[in-house]
Amino acid sequence: MAQAAKPIRKSRGVLGALALTAIAIGLYWGLVIAPPDAYQGEVQRIMYLHLPSILTAYLSYFLVFVGSGMYLWKREKRDDILAHSAAEIGVLFTALTIIAGSIWGRPTWGVWWTWDARLTLTAILLLIYTGYLMLRSLIEDESRAASAAAVLGIIGFLDIPLIHMSVYWWRTLHQPPSILQPNKPPWENVHPSMLTALAISFAGFLLLYFYLLSLRYRLGEMREKIKARRLERGV
Amino acid sequence: MRLSIDKLSKAYGFLWALRDIHLELQSGQLVALLGPNGAGKTTLLKLFAGLILPTAGSIQLDGATFAPGALDLRRKVGLLSPADHLYENLTVSENLRFFASLYRRRHSPAALVQTLESVNLGPRRDDYVANLSSGMKCRLSIAKWQLLQPELLLLDEPYGVLDGSGVDLLEGFLRAHCAGGGVVIMASHHVSRVLQLCSHALILHQGRLTFNEAKQQPWPSFDRAFSEFLPHGGS
Amino acid sequence: MRLSIDKLSKAYGFLWALRDIHLELQSGQLVALLGPNGAGKTTLLKLFAGLILPTAGSIQLDGATFAPGALDLRRKVGLLSPADHLYENLTVSENLRFFASLYRRRHSPAALVQTLESVNLGPRRDDYVANLSSGMKCRLSIAKWQLLQPELLLLDEPYGVLDGSGVDLLEGFLRAHCAGGGVVIMASHHVSRVLQLCSHALILHQGRLTFNEAKQQPWPSFDRAFSEFLPHGGS
Amino acid sequence: MSLLSETFLLLRKDLLLELRRRDSLLTMFFFGTLLLFVFHFSFDLPPDKVAEMTPALLWLAFLFTGTLGLAQLFNAERENHCLDALLLSPLDRGALFLAKTSFNLILMVLVEIVVIPLFWILFNLNSWNLLPQLFLVTFLGTVGFCVLGTIMAAITLKARARELLLPLILFPLMIPIILATIRCMENVLRTGELGDALPWLRLLLGFDVIFLTLGVLIFDWVIES
Amino acid sequence: MSLLSETFLLLRKDLLLELRRRDSLLTMFFFGTLLLFVFHFSFDLPPDKVAEMTPALLWLAFLFTGTLGLAQLFNAERENHCLDALLLSPLDRGALFLAKTSFNLILMVLVEIVVIPLFWILFNLNSWNLLPQLFLVTFLGTVGFCVLGTIMAAITLKARARELLLPLILFPLMIPIILATIRCMENVLRTGELGDALPWLRLLLGFDVIFLTLGVLIFDWVIES
């Protein structure tokens, strides 16, 4: 047990260190090397936090979906732990995106919040997955909570494209995509140095995400183990 | 009809309600499930009924286990828990009819009325279950399981609310059920009654099956186990 | 302590659950309330407890009747209905403490713990009531009324869920309560037990009080009434 | 087919309970009407504004009424552990889902059939000829609401703050339906036909079909521990 | 005084249950926020319109959140016949009323303290300096809501379609409070002070005092069979 745990712990440590360096480099690149935006000036640098964090959150919700589906299918505790962990971290990153966006919005748009499609969608995502976490915490019986949450994890995720479409059709005001534009490669309209900063910082966020996820997953596993241990001892 | 339980355990949080139960039961057995308060009797019955899932181990009924979709299995098991599992706002006979169709048991209206008469509820046929006394609800449950004819019938402390004639009625039903090849498992604290009736006795103590024998006359091993695991009184 | 009932009747809809009951009880009496299913025992106890109001007639406790505002009267009456009247989401000891303050009974924490020990719930002190077995809930109710010390204690079929040691405990409590000048009225179908314990027996039959006598040894009048109104078995 | 016959059996039981007491239907109907008044009072709307906001007002009323109706959907099963009695039985769980969904749908549609014309009378609108099309759109939206609502009511069945938790998880997921229905209705009211709003209608239909199928398939897991 | 000490005892129990689980508070807070989104979507409001409709939107959100909160107010008492246990005891029924009212009030005020500033942020209002006065008015309205709501929750405690019946009888009775609060808030928002709306404020105060007194006096009859 302890022997098997050691290399895992070590590789998690490496992951953490990597995440930290990548974020540090990304921040340095974004805050110092990359040029300020032509129109927005220095505040635009928030983008290096804003964009990677929402992309990571999307990934996280996808993992919630996968974990939920697997849990319903196989009934393995670890899938549930995965879904739960991913949901928690996803909520965290979504909140981070909104906070960073709001801070960005204040100087550029002059408001903390506006009812544009993408903002609204992000807020709805936050609400859905907060609902997911609340649902879990409000059901006493653990296995019942797990299945209920899994159902919500699946339905919620399948609903997102529909929500996305409808909210999008409803109104749009947010920046038109400048990086992920459909018919133009990104390097043609963005300063390459900005793009590098963004890429590094995105890599950093991904590494950070997996670091946090593995920690949170480990926490869930340990909870199970402690329970099993205490059960063994018959306390 | 064959019930086999292997290494069955159930934990609630940090508490083992049941631990490593092995058990084999066969057609015609009328099993008394004894044990002090909190021994795990209700938990065991709920597991047999498939209402809760085991933490470890398995329950097999004629080789099949409970799983979502195992509907044929469900038809074979009945749980009589006095005063529960009846629709309060349907009348006595509506309840019977509803459950009979749910289990696809066709009964002529006359058979239905006759069953109600036999449990002394004939005149209350069109009363709401909500307006019955506790003993009457138990009698109705007896009638219900008489009609539904499960192979394995589980009972959780049915004596408490029944009067003398109700007890006779119940015992007659249980004897007939076993004679017809069914299995009965009845949890009860009314040791003297139960001992007369049963063909087999189990004693649970702190989640472990400490006694498991067919009835003999006299039965010194039971007396020893009884005085060890069910201390004091107990008529 | 003096309970006098005069021409007490209770109708539910078109059904007389109780009809013209006359009764006088005094300090120290331990009264068995017998009768077949649906005789009206629970209804009578609820009337005594002031939870429902009579259709006609009156109940007087030391000369006072139940009315909104008659709070002193409420302090004198306790109703033990197993598994009811406890907050599921408070722990065992929180329940006791809450009800003790509600009845303004001051108890040292040590006394509380001791009472819990005496009903064998010491180790479950900090468990939620929701997680107790049915017998444990009944034991907790016993502990509760031990602390609250009403003068008139009503019990509705307490034997059903108690194991042997629980029964001893209950009977010891009831004897002590009557010896201390209290009155106990206990509805039960467990005739053999109840007859040993009681000092007085009532038989209800279809809402009428058909038997009302102090215990004698032997008791031919009871045997006659019993075989008339409670036909069949009944241990 | 066993699924359908079981669905019918359960639905008949629910309808019987409802017919006997008329609890949900009457209260839902009055509540829906009441909400129109509450909105009217709170927003203090001028008549021309009302015509414009009709779809939104109606849909909000249905949403809230429906949610409170959903909170009661499993009431009969919650008493006396009757849900356990159903789970104990060889009932196809998909039938339970279909029965509850259709029961809920029947109630909602009955409520709508009364409340919509009432709205036209109360706010003195004169586009009566558009009602059939509006009903159709409303119906499609209602199906989606009932399907998703039944699933959510089932998963929150044993949750603690159930009454609040249910709308909390249901409303965000309902947003496509709300928006699609409102847009379709607006279009019908403005132009007399669906026209531009056709993609919205397709969204609505897609939603209904996807979640109805999903519901039948996964209700097993939804309802069992 | 026995009334107050008993109130405190009951309130402590309710707060203990709430602190342990944090059911109602968190769900109410999120639900309140969610409602802002739902309203926004349904009405598709242009920014200038929002400023005008602020009081109505806020109050509708509080009304619905509060009503769903009320539906759970006696949840702990409904399990296990605990209400009977209280009625059996020598508890002053007025204390039960006061305890439940204040518990509800505490929850509502906490929710409002979060939701009101959030509203200002979301809808980009800049009249932050008026918040204290708006809080005061909202508080008075909330007191009235909680007082009346607790009485109605107690009356509908054993009713069948409880979840729907409660708002059905509560909302019409709440209309004076809603109107008064909205008027007062509008005035504050428009002129920066109460000014003309003083009579409304007096109505609000009068309502609170009358129903609070009434509640303590008649709760006996309300709660007993």
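Each chain carries a letter (A, B, C, D and E) given by its place in the written order, and its residues are counted from 1.
One rule holds in what follows: a residue touches a chain if its C-beta (ideal position, glycine included) is under 8 Å from a C-beta of that chain, and two chains touch if they have at least 3 such contacts.
Fair warning: this is a prediction, and the values are worked out from it, not measured in the lab.
Shared contacts of subunit C and subunit D, meaning chains that touch the two of them, come down to B, E. Touching subunit B and subunit E together: A, C, D.
Which two chains touch most often is answered by the contact tally, and the pair is B-C. Taking each chain's centre as the mean of its C-alpha atoms, the one that lies farthest from the centre of subunit D is C.
Rounded to whole angstrom units, the spacing between the C-alpha centres of subunit A and subunit E is 36.
For this pair, subunit A with subunit C, the centres built from the Cα atoms lie 59 Å apart. Distance from the subunit B centre to the subunit D centre is 40 Å, each centre being the mean of its Cα atoms. Subunit D has residues 21, 160-162, 165, 168, 172, 175, 179, 221, 224-225 in contact with two or more other chains. The set of subunit A residues that touch two or more partner chains comprises 124, 127, 131, 134, 138, 140, 143, 170. Listed by chain label, the pairs that touch are A-B, A-D, A-E, B-C, B-D, C-E, D-E. Of all residues in subunit E, only 6, 9, 13, 16-17, 20-21, 76, 79-82, 84-93, 220-221, 224-225 touch subunit C in the complex they form.
The touching residues of subunit A, counted against subunit B in their complex, run 143, 227, 230-231, 234-235. Contact residues on subunit A toward subunit D in their complex (touch as defined above): 72, 124, 127-128, 131-132, 134-135, 138-141, 143-144, 147-148, 150-152, 154-156, 158-159, 162-163, 165-167, 169-170. Interface residues of subunit A facing subunit E in the complex, by the touch rule stated above, are 102, 111-115, 120, 123-124, 127, 130-131, 134, 138, 170-171. Listing the residues of subunit B that touch subunit A in their complex gives 11, 13-14, 16, 53.
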